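Consider the two complexes below, in which chain A is the common component and chain B and chain C are the respective partners.
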Partner chain A sequence: MVGEVSASPTITLHGITKRYGSVVACDDVDLMLHPGQIHGILGENGAGKSTLMKILIGLVQPDEGHLLLHGRPVSVHDPQTAADLGIGMVHQHLSLVDELTVWENVLLGDHRRFDRGIARRQVADTAARYGLAIDPDVRVGDLSAGLRQRVELIKCLRRDPKILILDEPTSVLTPAESEDLFSTLRAAVVTEGRAVALVSHKLAEILHATDVVTIMRQGKVVEHRPTTGATALDLATAMVGRRVSLRSSAAALGATDDLDAGHGEPDTPEGSGTDPAAARPVVLQIDHARVLRHGVAVIDDLCLTLHAGEILGVAGVEGNGQRELGDLLSSLVHLDGGTVTVNGVTAHPGRAGSMAGLGVAVIPEDRHDSGCVLSMTVAENLLLDRIGSVSTMGFVRRTELRQRALALMDEFDIKGAGPDATFASLSGGNQQRVVLARELSHHPAVLVAAQPTRGLDVGAIEYMSARLRAAAASGIGVLLISTELEEILDLSDRIVVLSRGRVIGELTRAEATAERMGLLLGGMAEHA
Partner chain B sequence: MPDRSVRRMVSVVVLYVVCVLTALAVAAVLIAMTGGPWRRVLTALLDGSVRNPGRWGTTITEATPILIVALGVIVSSRAGLVNIGQEGQLAMGTAAATWVAVNHRGPVALLFMLAAGFVGGALWAGLAAVLRYWRKVPEVISTLLLVFVASQITGWLLSRSFLLQYLEKGVQNQVQTSKQLDPTTRVGSVRLLGNAVPWTALAAVALAVAVGVLISRTRWGFRLTVLGRNPRTAQRIGVPVMIAGSTALMLGGAMAGLAGASMLAAGASGYRFTAGFSNNVGWEGLLVALVARNRPWACIPVAFVFGMLRTGSGFLAATGVPRSIAEVVRALLVMAMLVPPALMTLFDQRRRPAVAAAGTLATVAAGG
Partner chain C sequence: MLANTLSDILSSAALYGSTVRFAVILAFAAVGEWVAERAGTLNISLESFMIGGAYSSAVAVGAWHNVPAALAVGVLAGAAVSSAQAWLSHRLTIDQFVVGLTLNIFVLGLALFLDHRWKAVTPVPKAWRIPLLHRIPVVGQALFGQPWPMLLIVPLVVLAWWLVFRTRWGLEVRSVGDNPQAADVSGIHVNRRRRQAILFAGACCGLGGGVLVLGQIGINGYEPGHVGLKGIIAIAAVIFGGWTLRGTVAGCLLFGYFFAFQQAKLVDINPQLNASLPYLVALGITAIFARRTRQPRALAQPFLRGLT
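And then the complex of A and B:
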């Protein structure tokens, strides 16, 4: 397919497999990087892109397969070996020291004896050669994200790597900065015959900047093709796959669940989905919300409406504002603009307990972070925020606390330990049930479930899904924030897609085709 | 399960015995090297602290402020705050107490004096709370550094006759000391089996019980515990982090200040506030809470043991052992007290992940 490239590949990865327990992160992956070519590697979260790159620079050792550098087998034990072999990587999360100047950062980790004057000149030369204008004497802490990335790139290029890996290089950049980065890559690196791997989930970037593209899904290479001639739609479909059609069978499975049947809510688009939802009252309304973190808008002009009795799926690739949306609805961050209303009442999200007070229940993304107290007992965790209801004159009635807890443990089938065991001694699935039981026991108006099934086994996932459906059936507005596309498609009545902290598209479940979801996840807003 | 707790109990006791014996052995070597009566270290310590007539009353008097300070430490650390500035909070509280009481007489003045100690210590710790929640200065640093500021301030207060300094007539070199408390504003004693025990000691024991109930049985204590163990969860469920945290930090300081005031009223430094009045009571209170592993009721015996070390080492010095060596002996024994809880904490931390993993395995096995 890529036969027009005459030069032999700089590096070949052959049959690479890497397993973590039962999870196969990379499954028999082949990849060839050619000199003078920008090779895009596209995939969702967990598709195996990062693991593959870690293998390439020696951070991870493959279980099977081998690497050929210029046709000769090599083994890359550690990043130092990779550097010696001419493999350089610009990491997604920049590894610069804020307190040091640009040239000091560039030289950091060098073994050779260095001379300040020579070093500064070298940095300036490298910068000039690639058109990466930068002052070598500026403190890195004072630079913008775009310029920091530039420093990282200079640091990498100064070692004259034959292979250059960029891992999600634009995740911290503005569109204009990304544009600059790619023209630099094209103009300088490619003409010098370096092989470049560009790891990304952004369709526009892949289309714009690469020569060939390898698309990965669930650890496997699903497609390998020249970028020319490819459309965003092709790439999106390949990235997301046929899971949309698989969804109906998954939903059918879920519908047989006893809980679901018990609540008599058939899980079909007619029953819980399209039309009636809009007629139901709005329980949560987010208008033009804006949240800044270190001066950067992590939630930017986000608008969202949640009705009673529906499950609204918030899809998106990790790091596009999901965590902050969860924090906002957990009273953990304050708004820097816009409004949040719950049942028509304006909320003050930064105030302790304000969202919970208005009836917003949350299953947090990381339950250990804001969903529990590990060293307190199961009973205490079950009534964490209702301790007043089992107190007289400020004194906690321990027996009643225990009884209430036992009732909840029975209702939510929490096993493995008694009410007096510490929360930490429970398994992950039971811990998640404790959180769920507590949050639902308040009869909330809104239930925010952030990555509710992450790290759970199959049985626990089914239980959680059934509970979420039952919650919606009982009239609670469920906001399902998830990076697992299957989960979103399986459970949601409506789907919105987050990108860079804002909603870039909204679909009903029927409209959620692989193509459209793929485009939105890839950061391309709908033009229709 | 009971098997494990019994084994744990035994290992704690063995650890204490080994540590104390080691400390005594090192102490004996030290005393022998300086030519003292090394065989009689233990005897002297026990005679001076409990065996001689009237001594255990003195020991209780010494232990009382240490216990009150330790209770304050527990309240602060329950909220996840590491307040280590009790020495300074105690000094500032005592300064406030002195200022209120020194020119008045009667039991009402005594009550006001105790209240002033409480408020003074709270305000001094409040500075650390302001720094913590306004400028994000870690309280472990600010409370510690404020100890030295407090020492300078109290020194200055005691060198100005219009503030706290008492000028004795006809004396050339004036010392930095306050006026003596009027006999009617002093704390009375209860006579028990030939020992004089100040009623503040009984109040302190009652306070220990009250703090124990407060933190483990009340809604306030529950929410404070949540804050201490997971501040983000606390914020989510509606514990106002800043207010609750500041309250806990200030209560810690208030207890230290109260301890200082009660110490003064019970006769420390001859019912006078002086430079160096706090005499390590703040630090030792901190250590008592550490040894008692933040359990209020456990502080009562531990504070008594620390009191014994004070009175016992004083007596040791009277048997011909140099004062400095007697102090070293006391420090050695304090260290011996601290090693077992530190080791147990380490041991618990090592074991915890293993327990969690075992729990997961058990559930997986049960599920499958």
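And then the complex of A and C:
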């Protein structure tokens, strides 16, 4: 297959398995990195590529499997061991300290003699050798993203690694900077016989820069092939896959029949898509929104329109502004530009309760972190935001609180514990129902559901999906923010794709094939 | 009349001498804490490190009549107390403020308890005048006419600066204070560096405690309560200094001045109010200067592997 490489592999990963609870992050993964070769590792979020690389540099220990370095078994307990074995990684944004200068950062974690003069000269030498010009005395925090990555690369290369791992190296780079990076890799690193692993979800750079590619999906290696001859479409299809929809698998288990009763047309998912959404009133309008974090735009010129009664899916690779969009609509962050209007009223996000006051309900991304109070009772959590309505002069009317909670628990089928049990004692699915029940009992105009099914089992996912559909059918505008492509494709009437904090593509459901979504997620808007 | 008082205050050599003495004691603790805070730890147990050093030094000098040996005992005692803070909060991950508060109360009580058995009696070393310089009017005596242990602060400040800015250890300390995750992936043992930085702070505080009981003119030996929250004020000095060494020393001088001012009872106010003056000033200054932008990014945030 990948026959043109005659040399034996620098490192072999064999049967690597890593589980987090019931989730299998890596499932019996085999991987070989050869000297002088750039090996692309392609996959969606959660495909297991990052976990695999963390295992390789000792940040995570595998449950099963072993590593062979030049044919000899090795174990990598921590990053220091990895460095000693000649494994170096260019991290996405982890390994630089802003407050230190360039040369100090390059030296960090080193064991050799500590000499400012020598260190600065070495930085200059390494930089010159690879054509990565940089001033060694600048504070790293003052550098642009591209230059910071250059520092990462110098830091890594100065230790003369046999294996160089690049984790999403271009996520912070401009196209020109990416081009420079790859020519550096090709010209210098590969001719020096280093093995390079390039982890990415971007099809273009995998096609452009790698020799072989391994495609991962749901923790497994699904394909391994030479890059030559592959097309973006091939890779996108392999990356996204033609998975059996969760919806149909749940239907096979007989779980959906009663749940779909609330939805107008349960068996024709395209039903609402045929209705021109534009005819319905706009409930949420985001215009040229801009949110800065530490001076960097995490939401950048984002425009969105959500109509009553539709489900708008917001897809995208994690870390492209989804969390910030959720935070914005939960009144957690200020707008640094643009406007947000709800039902025609201009909102002031960032003022506590302002979005909720306008009728925006939110199922937050992390129900433990921002959805509920774990140590309080189910009833208290259900009425957490309206505790005033069951209080007299600051004293809570317990009986009424309990009654209203019981009504909600009945309506939303929250089982497993009574209203007086602690929230923490509920299962994940029931916890999510509590959040849903509380948010929907407001009769909101907009429901923002951020990763609403993350960490839930199939039955709970199905329930949540049915509820979101029912909410849309009742006239609520549902904004579904999810990194689960399957979920987006299953539920949405329209889909927008986020990349670097802006919308890079909009599709109706009919247009949204797995291939086109794969291309968009891979940042290839022009091909999609 | 007010002008008179003011000119009295400004020309009082005694006040300057007293200011320098208080400032130096504060600086021993503050310089140590500065290093520890650069590593991302915040140790309100500074007080207990100082008490440990002060009491141990006092007992040692009573037994051996040897000031250098007694100071060394103080250093060891300070480091020993700080190792409790270091291990409990940066190996066992118990909240550093809970540990610090407990240690402060525990060591204060322990020293009181032991004082009944081994009464600390301390002779006071003579002032050590640097020729000519101590004759400079007003401030000469204050700066160059102090007992010799006080002068140890000068090499200590230099040592701390050199350690933090000119050694690999210091580089790693700064990295774990600002970005422990980055330090970790770079192969640095974050909590080990933090424990070492706390031990350094403990040693500095122990020395400061020793100097407090052995080096002060006009104070006859160890008394319980002698440290008198100077450990806490030292933290305020680090905050005042914006986590720079220069600023920290300046903060010590500022707070030293208010301690001296309070001790000299120069203004005719309610004695309780007078006694609380340095602490009120510290409160105000901390409120003004504790800006998040200047502090080590990971200050007082525990580090656990894998929490990235």
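As a convention for this text, the second predicted complex is superposed on the first by the 462 of 528 C-alpha atoms of A that agree within 3 Å, B and C clash if a C-alpha of one lies under 4 Å from a C-alpha of the other, contacts with A are read in each partner's own complex, and residues count from 1 in each chain.
Going forward, contacts are C-beta pairs under 8 Å (C-beta built on N, C-alpha and C of every residue); 3 or more make two chains touch, one makes a residue touch a chain.
Since the structure is predicted, the reported quantities are computational estimates derived from the model, not experimental observations.
Residue contacts after overlaying the shared chain place A:Q80 against chain C, while chain B stays out of touching range.
Once the two complexes are laid over each other on the shared chain, residue contacts for A:R129 go to neither chain B nor chain C. By the touch criterion defined above, A:G388 lies against chain B but remains apart from chain C after alignment on the C-alpha atoms of chain A. Of the two partner chains placed by the overlay, only chain B lies in contact with A:V373; chain C stays clear of it. In the superposition on chain A, contact of A:L426 is made with chain B only, not with chain C.
With both structures placed on the common chain, the touch criterion links A:H288 to neither chain B nor chain C. Judged by the number of chain A residues each one touches, B leads among chain B and chain C.
In the superposed pair of complexes, A:L59 makes contact with chain C only, with no contact to chain B.
Of the two partner chains placed around the shared chain by superposition, neither chain B nor chain C is touched by A:H443. Comparing the two interfaces of chain A, the one with chain B and the one with chain C have no residue in common. Those residues of chain C that touch chain A in the shared complex are 166-168, 171-172, 174-175, 178-179, 181-188, 296-297, 306, 308. Within the complex formed with chain C, the residues of chain A that make contact are 57, 59-60, 78-80, 83, 89, 91, 94-100, 104, 107-110, 114, 116, 155. Residues of chain B that touch chain A in their complex: 217-220, 222-223, 225-226, 229-230, 232-241, 352, 355-356, 359-360, 362-364, 366-367.
Remark: chain A residues 330-332, 352-357, 362, 364, 369-376, 380, 384-385, 387-388, 391, 394-396, 398, 415-417, 424-430, 457, 459 touch chain B in the complex.
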